[in-house]
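Two complexes follow with chain A in common, the first pairing it with chain B and the second with chain C.
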Partner chain A sequence: MTLTDAFIHLFTMKAFLVMVSGVGLGVLVGVLPGITAGMLMALTLPFTYHMSSVDAITLLISMFVGGVSGGLITATLMRIPGEPNSVMTCLDGYQLAKKGFPGRALGLGNASSVVGGALSWLALVLMAPPIASAAVALGPFENFALIMMALILISSLSEGSFLKGLSAGLLGMLVAFPGIDESSGIMRLTFGSAELEGGFNSLPVILGMFAVSQVVADALNIDEKTDAIEASMNGMFVTLRDYVLHGWNMLRSSLIGIWIGILPGVGATIASIVAYTTARNLSKTPDAFGRGSEEAIVASESANNATTGGTLIPLLTLGIAGGLTDSILLGALVIHNLQPGPLLFKNNPEIVNTIFATHLVAHLVMFAMMTFGISIFARLMKLPKAFILPMVIVFSVLGAFALNSRSFDIWVMLGFGVLGILLEAAKVPLAPFVVGLVLAPVAESELRAGLMASAGSFSPLVERPIALTVLVISAGLFVWPFIREWRRARLA
Partner chain B sequence: MTSGRADAVKTGRIQRAAEIGYIVLVFVVALVLWREAGKLPPAPYDPLGPAAFPRWAAYGLAALGVAMTVRLLLGGGLGRAAQSLVSGLDGAAEHDLKPWTAVLTLMLALAYAGVLSLRSIPFVLCTGVYLFAAGAILGPFQGRRLAVVGLFAVVASVTLELLFRRLFSLDLP
Partner chain C sequence: MTRFTRRTVIAGAAAAAALPLAGRGARAAGFPEKPIRTIIPIAPGGQTDVLARLLQQTIDKNKLLPQPLVIVNNAAAGGTAGTRTVRDAEADGYTIGMFHMGLLTAPAMGVVDYDHTAFEMIGQVGRTPIGLGVTATSRFKTIQDLIAEAKAKPDTITVAMNIGLLPHFVPLMFQQDAGIRLRYVQSGGGAVRLKSLLGNHTEVSLFASSEFVLYKEQGIKPLVMFSESRVPDLPDVPTAREIGVKTVFEERVMAFAPKGTPRDRLDVVAKALQAALDDPEVVSRLTALGIERRFVDGAKLRATLDELKGPIVTVGQEVRKAQAEQAAAEKKP
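After this line comes the complex of A and B, so read on.
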């Protein structure tokens, strides 16, 4: 299937319905209090077992795109970031809406989202294939070094908590160890439990960490009050003049979003903060920021949507998930027997092209949906949490059970939900935990395959230039947080 | 001492207690992992064997545990996650928090899972009761609201049963 075929396939009845459902659900969870796009994707993943790989990937990518965009509505009308990445939109979107221009705020945000998404699609399509071609030359030692680098990078970016981040990554890795060792067939770390012989499935673990933890956190904050503004269609349609006026800001913020999306572990929230800050620093009216500035809304929304394409580049080409939603996408590919990385381009071009095509068309569908369905979505955001939160638990239970029809997975999910709450309460970053969980089996199998080929010698790790370079970078990333802190202490 | 300062001191103490708890967890996990890895036999054709990664992870965790302990003993904090993946647990809320509602929500979820695991009570009944109970505690106990929650519980549980068992032919717990 070529890229053109993938676009044509998307417009067949079934694929189009899958995509529209995915975008619609993604936008919806951005609007509904207490549910995030990551949670939706985790909840949906077990049910994609029964779908073809192409349909499953179409659905998940559509949810990914819709979820990043949906937060705009609650950010603008309720001053609540429906998704964490809309946090900067809250500052100015709500103020502009409060001044009597909710349609204008939503319209600008929506237009910026689609521009950011389209530019990141271009980056994805142009950059991913050459990177994948170059990455085919990588052997198991290079792949192992890359995974280690991803883990250290995501931990080192846990500002101020590098030690916690790294230990969380190791704790996540060890969750992947129990069960039958693939290379030797030896049972390990099962503690005599027959249930553990199959190991922990990553899905109930992710569901627990995402969904159960968030439901409990939402119950804790059940009394949170908001001042909602009524949605209005006035000003929803952005003119060509607006695109010209804000064009440079859209382009700059999108490039920031794409670049930050490529970096593992940083994510859309940081992208919108960096783009917002850059826009304010370069603005002729910086004082307007925080008081309903159009520039601010454009910067924040262009950047967070632009991360979607950037994030997919390392995921597809190197099999490196940089964040939580990426980890779920990575898990989805693995569940459908697809190995992300350079060989995906060679062995499963239909999947790669489906991802490319869906990424772009889902942004256009999202744009149309947000433009014409804004009043419906705005009504849904007032749904009481008393209905939503218990339903999330029911879907989590069903999702965990649906994997292997065993109650053990439900308990695993709830157990990791409790662990997630405790780790969050201790301010331990969860992203390295999930990345460790997903990447540990790949890291182990790559290193063991390499060692079997080298008769047990580790020397290729330092003899092969790419592996050595990646290890040197990893070492640099490892020591950097300590140097940074030492310098700060000296300056203080 | 002002109330704001007292709150900050209290939050600092809780944070420190949580950090100590986390370090203890790291050490315990490292110890268990190291012991269990030591029991694993070597693999005949694999230079690394099944014990290597768990053992390395145990050493790594122990080293990080020592580093975190030293930091705490020297008076430094362990920092905090820059981005929280679960929102609402950062203690920065302007509204009243409802810890008992959170605990009850979790208990109800555990009870729901427990009853479903028995597989002796029908899914639809179990889910209906759970949705009603969980919905009831997440708001004021008012007759009209409880009636709406009850109606929602009935409709939602029957719909889920029809959708998943009858339409998608999925095995439900």
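After this line comes the complex of A and C, so read on.
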């Protein structure tokens, strides 16, 4: 089956239905806070045993694509991330909606999602083998340098106080510490508690910080008339002019998303944070970020969708799964007797082409569905909050529990909900917290793997050309905001 | 914690009270009357998970049990959360677990304080030959080359490992048996170790025989296998024994239940698993996955694990001693 055949096959009755239901379910769980695409796919996995391998892959990829996208709606309309990767969209999407432009915010987010997805598709189809061999050349020191680059970018994320942003980031890192130490295999900071051995999983923590705390904040103001997000859907259709206006941002953010998608264990949440920060650092109006900036929405939503193509590259060429969704895709392939790697491209081109074709068409279907769905969901905003908030909590509890079937994770979520409220009250930005939480463990394990190989010597960091280059760029990115401020001050 | 303890105590008391009343046969006749929760202490998608799900599907499809197995993945804390759930569950046959040799390596690493003896073994459902491999372009053409260089320059050849699991323990056992010292680098699952070797970030790693078959195209070749005799898929690769090193080790997937689960209930599950393993579809799938599908009953498995425990514990002590020494060295100014 060639790629053209795969596209044609997708438009046969059965395949199309499979894809549409996959995208639809994906978008739905994306909208529901707490329930992630990974959980949907884990639940679906057993049903795919009885399908043909092509149908099974079509279904799972469609869910994957739909799930990454749906979170945008909840983030924009309720300031609650429907999916962890939409935390940045909460900041500006909601503000823009509050200003009376929910249609515009959602339309831009949707358009950026499809552009990010399509660009990552190009990278996947045209460059998967070369990117994969380049990725193989990246060792622990290079990966560490790349992650440091993302970490450093975030230091400029702190709205207002640098110190507050930094503390939030460090607090996030601290929360990542307890549990099994991936580099030595021993338990640390578990205080003898068996529950803590699993550590604080990032999903319940993010749900608590962003969803629970927001629900409590909303509940406290439940009598206040909703800020009347006049569900004006004007501007839902993005014009060609917008694509031109935001074109560079979409391209840059998508490239960031693809790059982060390829890195192991980092994921779409960090991609959108890095793209957001980069957009802010390069923006002519950085002060608008956090107050309903269009650029911010574009950056965040292009980047998280662009990770989908990026993640599939190491998955298909090497069989490396970075997160839950990828391991489920990998499991589905293995169950159908398909092993990722160069052999897959040779022996089962129909599978590779199905993945390629589905990845692109599912994005288009997602775009159409979101356009349609947005106007329905926007009406939800007119419902009294008393109906919606309890549902959000129910789904969050479900999601936190479903992750590892542990009730401990529910308590973690509620606990971090309280922390989220406190931090919001102290005007501490939450995004650096997420960055610390997600990136610190990856940075640590890469660095320590490198040090194990070099017998404790740090010198490969400056001796290996890629690692050195990335570190130099990071240093440049670190000082850039200061230079910009200084130049502004001088001009003023 | 308290909840679990309390529940276990109540369960134990209830079981004790029930014993003299109900005849064993009568209880087994009705078993299982509800679905059996099957805990898989790894994320969906891994080989152990695939095998478990394959068996679950087959049991369901062929009606080998009146009630289905329901798979619950709990990958938290490197699998220890999952095994702990099985250990603390009621010993009524309605909770079982399926896991690999992590069941023995986790206690050896000191991350849990219980090993296979804390469970009733239902049986072994799969076994995979494993061995050490390098890239095709490696300067090591044979395992003897590697041993010779490791003897000349100890602690220089890098091994990509997955800490606390077989890719960590088996090379350690091999180095002990061969009298060499290698340098260990934390990497991850099979595909991640493959990438590490291909990128020349590390030089040697442990893979399953099926992985060697798969990765041949990508330029990975086996140097030595740790089976009793040569692996049919890899007829040219010597076993460790052939080169005079005594290491024999395989990955196993095992089914187990909480301590005290009635033997007749274990037998019901064991029978179903054994029958599922004979299903023609399972046979072809497992062959493709490189898993030997010989069923080994609980008593035999228990004896094998008792035997394997010794070397694993020794290696674990070495690892922990080295870690403690390193920590002490770092504390010195």
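In this text, the second predicted complex is superposed on the first by the 270 of 492 C-alpha atoms of A that agree within 3 Å, B and C clash if a C-alpha of one lies under 4 Å from a C-alpha of the other, contacts with A are read in each partner's own complex, and residues count from 1 in each chain.
The definition used in the following text is that contacts are C-beta pairs under 8 Å (C-beta built on N, C-alpha and C of every residue); 3 or more make two chains touch, one makes a residue touch a chain.
Predicted model only: the values in this text are computed from it and were never measured.
Just chain B (first), just chain C (second), both, or neither: which does A:A402 touch?
It touches chain B, and chain C stays clear.
Examine A:R448 and indicate which partner it touches, taking first as chain B and second as chain C; both and neither are also allowed.
Both chain B and chain C are touched by A:R448.
Classify the contacts of A:L166 with the two partner chains as first (chain B alone), second (chain C alone), both, or neither.
first
Answer with first, second, both or neither: which of chain B and chain C does A:M391 touch in the superposed model?
First partner only.
Tell me the contact category for A:L330 with respect to chain B and chain C: first, second, both or neither.
In the superposition, A:L330 touches chain C alone.
Quick check on the superposed pair: does A:L174 touch chain B, chain C, both, or neither? Answer first, second, both or neither.
First partner only, chain B.
Once the structures are superposed on A, label A:I186 by its partner contacts, choosing first (chain B), second (chain C), both or neither.
Both partners.
On the A-aligned overlay, A:A219 touches which partner chain: chain B = first, chain C = second, or both, or neither?
Only chain B is touched by A:A219; chain C is not.
In the superposed arrangement, which partner chain does A:V136 touch: chain B (first), chain C (second), both, or neither?
A:V136: touches chain C, not chain B.
In the overlay, work out which of chain B or chain C sits against more residues of chain A.
Counting contacted residues of chain A, the larger count belongs to B.
Taking the contacts chain A makes with chain B in one complex and with chain C in the other, which residues are shared?
Chain A residues touching both partners: 183-184, 186, 324, 405, 448, 452, 455.
If you look only at chain C, which of its residues touch chain A in the complex?
Going by the criterion above, the answer is residues 1, 43-47, 49-50, 53-54, 57, 71-78, 80-81, 84, 109-111, 155, 158, 163-164, 168, 183-187, 189-192, 194-196, 198-199, 201-202, 214-215, 217-218, 285, 288-289, 319-320, 323.
Residues of chain B touching chain A in their complex?
Against chain A, chain B makes touches at 15, 18-19, 21-22, 26, 29, 33, 36-37, 40-41, 43-51, 53-54, 57, 60-61, 64-65, 67-68, 71, 78-89, 93, 95-99, 101-102, 104-106, 109-110, 112-113, 116-117, 119, 127, 130-131, 134-136, 138-139, 149, 152, 156, 160, 164, 168, 170-173.
Considering only the defined contacts, which chain A positions touch chain B in the complex?
Per the stated touch rule, the residues are 38, 47, 50, 84, 157-167, 170-171, 173-174, 177, 181, 183-184, 186, 188-189, 191, 209-210, 212-225, 267, 269-270, 324, 384-387, 389-391, 393-394, 397-398, 401-402, 405, 407, 410-411, 414, 417-418, 420-431, 440, 444, 447-448, 451-452, 455-456.
Applying the document's contact rule, which stretches of chain A touch chain C when the two form their complex?
42, 45-46, 49, 135-140, 179-180, 182-187, 193-195, 197-199, 201, 264, 314, 318-321, 324, 327-332, 334-335, 337, 339-343, 404-406, 445, 448-449, 452-453, 455
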